[in-house]
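Two complexes come next, and they have one chain in common, chain A, joined by chain B in the first and chain C in the second.
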Partner chain A sequence: MASRFRHNLLLGLSIFVLMVLVLAPFYWIFSSSIKLPQEIISATPTFVPHSFTTEHYDKLLGESSFPTYMRNSIVVAVGTMAITVVLSTLAAYGLYRLRFPGRITLFRVILITYAFPGVLLLVPMYQMMSKLKLVDSLTALVIVNVTLSAPFAVWMLQAFFRTIPRELEEAAALDGASRLGIIVRIMLPLAAPGVASIAIFAFITSWTEYIFSSILIISEANRTLPVGLAGIIGQYQIDWGLLLAGATATTLPVLILFSLVGRNFVEGLTAGAVK
Partner chain B sequence: MRDITHDEAVGGRRSSWRGEWLRMETLIGYAFVLPLMLWLAGTILYPLIVSVDLSLQNVKIIGSVGSYVGIENYRRAFESPDFREALKNSGIWVLANALVQTILAFAAATILKQRFRGNRIARVWIILSWVVPTVVVVIIWRWLLSASGGVVNYLLVNTGIVDKPVGFFSTGNMAFLSVILINSWRWFPFNAVILLAGLQRIPEELYEAAAVDGATAFAKFRFITLPSLQPVLFVMGLIGTLLSFNVFDVIWLLTGGGPSGATTTLPVLIYETAFKRYRLSQAAAMSVITGVILLLFAAAFIRFLSPEADTEEA
Partner chain C sequence: MRSKFVPILVLLLVAAMVLPSLPAQARQDKVEITLWHMEEPTNRVERIQTLIDEFNAAHPEIEVKQEPQNWGEIYTKAPAAIAAGNAPELLFAIPDFTPILKDLGALQPVEDFVAELDAEHPFYPATVEQYTYDDHTWAVPLYNMSQNLWYRKSVLEAAGVEVPTTWDEWLAAAEALTTDAQYGVGLPAAKNLYTDQVMYDLMIGAGASEIYNDDGTLRFNNPETVEAYDMYNQLLQYSPVDSPNWAWGEAEACFANRTCAMVIQFTVITTYDTQAEGDAEDLGVAPIPYKEGVEDPGTIAYANAVMLLTDDPAKKEAAETFISWLLQPENYGRFLNMEPGLFLPVTEDGATADSFWEDPLVVKYQDQVQTMIENSTSGRLFGFTSGNTFPSIASISAQNLLAQTLQLVAIDGQSPADAVAEGQSLMESAIED
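Entry: the complex of A and B
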């Protein structure tokens, strides 16, 4: 009885520590973003806001370029998502549901591109984009982000396609269904959680990408959120209220999307690594 | 003469249908994988060739024409103390991140494996730090660690652990430690989720049998948990190495590679050389050298993760 109590106490305590470690920093930026400026910079931090104001958010949405950054990020993320979903779903279906010579090799090639350090592409990618006259365009970012997200998306889909029995397709084919009919009516609905997960994965990859965006985008009007926010950090006098509000507002879309498919997403993530 | 059984009839139809089906599979298979392969060839293979070509020239600013200088850029890279320093820093960076993240991930996975109310939610939301943009992570930690008004310093001073605020980014060692811990904070939940999946696959009977034999907690960990997790740890180590090697934005946005080069890893140096000092060819040569080093890891990675190892695919 005593040992059971000790076990529960220890468990409760460790869960608490873990949650504080993971979540408290997020609470801290959110709660600070609604404080008055003098409370934000006060020498004695307040864990529960004593003041309440929306002035940082008003400034963020009204006076700063944040709405422009947000719009650019959404355009790039949606574009990346659409192309990644099409390319990866096709490839994953081919690799995991069909038998043809050379598929192992192709699988390896895709895997190696996932493991491939993107930083090595920095210089040649800039060179290539400048030849294509795509520097300072959102198109360039979509192109890069698809490359960064598609290989892992294929890998994630493996977990979802694997669970669908082959007999299902064969039975449908025997009944005279066409290949396209099978894919659209049988495979896609069954793989839908996987497709949703990779869509979110592509969106998040694009939403968080900083390096390529920082070199490929030059003008203020084409900046995405990470680069835009980094610009605010770089200023001589940091406006913490504005920055914290910006960080909160940037986190929000990811939170919403992630809450929709979080569980499938995590399952897909782990299934690739743990067979 | 007896009637053909139902089974034989279906079997006969099935085999001719199968031949056609398989021929079609090959064609459709290529057609489906081709678009992605073309995309990757255009955005990875081609730039890589450009990179090697560029590394043999003396191009500085984009668009300017260079002339071929042979292996000059490579020689210069190896002779440069900056490059050697960055190589060393990258090594420390990767190892330290692996160590800290694995320990934290093990602890977190062990906790999340327990039954408690809300553990399903906790298992999903623990990776919040991983899905949020790096720049947000950077803002959070600059805010928390700030020397004036930062909550961490406030707590440290008020509990009497230190007498004056700590400058987390002001000295070389401290700055390096800070970026390593911040990056680990960001990534350990990702590893924890993967470790948790591995832990859940270990049959509970193994632990029960060990308990009957009177095994200590350490013995269970040493002789059941660790061996069972070995493949997972191996994959994690490989992916972790490649991914954390690649990390650039956390360091760049927190310290800019400083103070005086203390946190300059290879990606930071490559970025700086190309886009701050405008020596494109020099940066390309560094990229190629780095790529060759990482190729060894990548080779092990694909060898281990190919579907061949999978019996179902045979």
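Entry: the complex of A and C
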């Protein structure tokens, strides 16, 4: 019993330390975002706010372009997520099921493209978007983000499809199901955790992408959150309260998405890792 | 299960295809001018928009629009936009930035236009000099920024310290003001532009403001520069331990929360007014101390300017009309006060314009702003001094080599003499590359 207690204590302590490490920065950002400016920059930091104000949020939502940035980020992230899910699902199934020369090589090439530093694509991507007249459009960001997230999504989904018994597909085929029907009715439901995982992965990739957004987007009206927040900070003077309120508000859509599909995401990661 | 997935996928796909918006359709009946600037904070964007709206209303044949950019990306973004044919007609600049675009062949010479403007609104000569080289002037100065020594009068009085004017006084003051709860001075030591700027302040104070010889060779490695680095290193012992990671915002916060008794900044007025006591009577500003015996002390000063990137006659004329309108005293003060207490006039009539002096924050901190303007008249910028402008300075400042040399002393523990010698080698390599 004592040994078991010690083990549980160790596990509990590990969880506690991890939670502190993970949650403390979020708590600090949120709690500071509701402090008065004087308390935020106080030489003696206060763990529990001594003051309360919503002025930073009022300014963020009322005086800055944050709502525009948020809307743009949501549009780009949802677009990226949708296209990544559809393309990756079909591509992963094709790589898993179809037998053609160079299939394995193609699969490896897709994975290598994921390891390729995205920043090296900056100049050719800008020139390509310029020729397509897509500079300063959210469509350009959707295309870039799909390019960045789809390779890993294909690799991950392919691992899921491998875990599904081939007999299920054969049975469906005997019953007259088409290839697309098999994907939609059999494979997708069984790979739901994997689909949820790549959906969230694509969403977060898009949500946090900075470099391409900063170069490809020119107008204030098309800025996404990471670039918009960098602008709010300013060079010589920093409005710390506004920055902290912006950081807090930026995490909200991600938290909402996780709360909706988080369970599938965890299951997906586990399944992808073990099976 | 089918009913669950198919509609969701279809919905998401439709959303992805429909929602992204395309750029607004261009208006055909006006000369359109796009202005890129790097004044991104909301209050500055709003003020510029207010002025643009007024200009557009008064000039129906011209449509000016602003597109704020970030200093962090503009060095990449502007050349990419020029290469792709998407460049704006007007682009704000600092002296270091201009040579990069000039080398791309993107800039229009503006000396004739500057001369026209100068006849109506005389420029402070130093602001034009920073953009004049290779037989042309490459940008129109718009606003100035210079660094100053900021302190609280009450804090110095309580410690029995006079406002320092010389290095010996400064060092003694920093020591006297350092207590358990306060650092005597807040100085950066990160490899960034802020450290470059403060380091150059001390180089000016040591009589080492010239980085180049007249023939364009480097003269960074000289005894005066070594003295400046030695002085900076001595002052750092009275600066917060985290100051090697500082940019401007951290220094300002250190002053506002009373952890630093003195800081060197362009301004602290807005932060002091909104996040600290806001007592105008107690806020002190002074020229940056210098080594006793140096004849021509001063401070670093950036004349921000606007570059013209179009050779289309109609657009060029429209752009010049906008700049002329902006420099009219009734408009110019409001433009400068997009960030009150930070941006200073570059024209003589701008310095006396009611529109500048009637801003509430400028009214409140009038003495400080007046001192800032006086200090700025002795301003200079490394690589752009004494009429000898060497565009290769862009390579040195882009790599923050003044700051890197300081780190050799303050972090790596090299002697100032060895560090400055290595700094010159780094600069020579940067220029060659």
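Convention: the second predicted complex is superposed on the first by the 238 of 275 C-alpha atoms of A that agree within 3 Å, B and C clash if a C-alpha of one lies under 4 Å from a C-alpha of the other, contacts with A are read in each partner's own complex, and residues count from 1 in each chain.
What we mean here is this: contacts are C-beta pairs under 8 Å (C-beta built on N, C-alpha and C of every residue); 3 or more make two chains touch, one makes a residue touch a chain.
Remember, it's a predicted structure, so these values are computed and weren't measured experimentally.
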Joint occupancy of chain A by chain B and chain C, clash or fit: clash
Which of chain B and chain C A:240 touches, first, second, both or neither: both
Touched partner set for A:226, first chain B, second chain C, both or neither: first
In the superposition, chain B vs chain C on chain A residues touched: B
Touched partner set for A:136, first chain B, second chain C, both or neither: second
First (chain B), second (chain C), both or neither touched by A:53: neither
Touching partner for A:68 - first (chain B), second (chain C), both, neither: neither
Chain B versus chain C as contact partner of A:23, first or second or both or neither: first
First, second, both or neither for A:99, with chain B first and chain C second: first
First, second, both or neither for A:15, with chain B first and chain C second: first
First (chain B), second (chain C), both or neither touched by A:31: neither
Chain C region in steric overlap with chain B, selected from 189-197, 225-233, 279-287 or 333-341: 189-197
Contact residues common to both interfaces of chain A (with chain B and with chain C): 40-43, 86, 122-123, 126-127, 130, 215, 230, 233, 240
In the complex with chain C, residue positions of chain A that touch it: 37-38, 40-43, 59, 63-65, 75-76, 78-83, 85-86, 122-123, 126-127, 130, 135-139, 141-142, 184-185, 188-189, 214-215, 218-222, 227, 230-240
Chain C residues within the chain A interface of the complex: 1-2, 4-6, 9, 12-13, 15-17, 19-24, 36, 38, 40-43, 45-46, 66-73, 76-77, 80-81, 83-86, 145, 181, 248-249, 252-253, 256-259, 265-267, 270-271, 274-276, 339, 342
Of all residues in chain A, those that touch chain B in their complex: 11-12, 14-15, 18-19, 21-23, 25-26, 28-29, 32, 40-45, 86-88, 90-91, 93-95, 98-101, 103-104, 106-113, 115-128, 130, 143-144, 146-147, 150-151, 154, 173-174, 179, 204, 207-208, 210-211, 215, 225-226, 229-230, 233, 240, 243-244, 246-247, 250-251, 254-255, 258, 262-263, 265-266, 269-271, 273-275
Footprint of chain A on chain B - complex, ascending: 14, 17, 21-22, 24-26, 28-33, 35-37, 39-40, 43-44, 46-48, 50-51, 54, 62-63, 107-108, 111-112, 114, 116, 120, 122-129, 131-136, 138-144, 148-149, 151, 154, 185, 189-190, 193-194, 196-198, 201, 231-232, 235-236, 238-239, 242, 245-246, 248-249, 253, 266-267, 270-271, 274-275, 280, 283-284, 287-288, 290-291, 294, 297-298, 301-302, 305-310
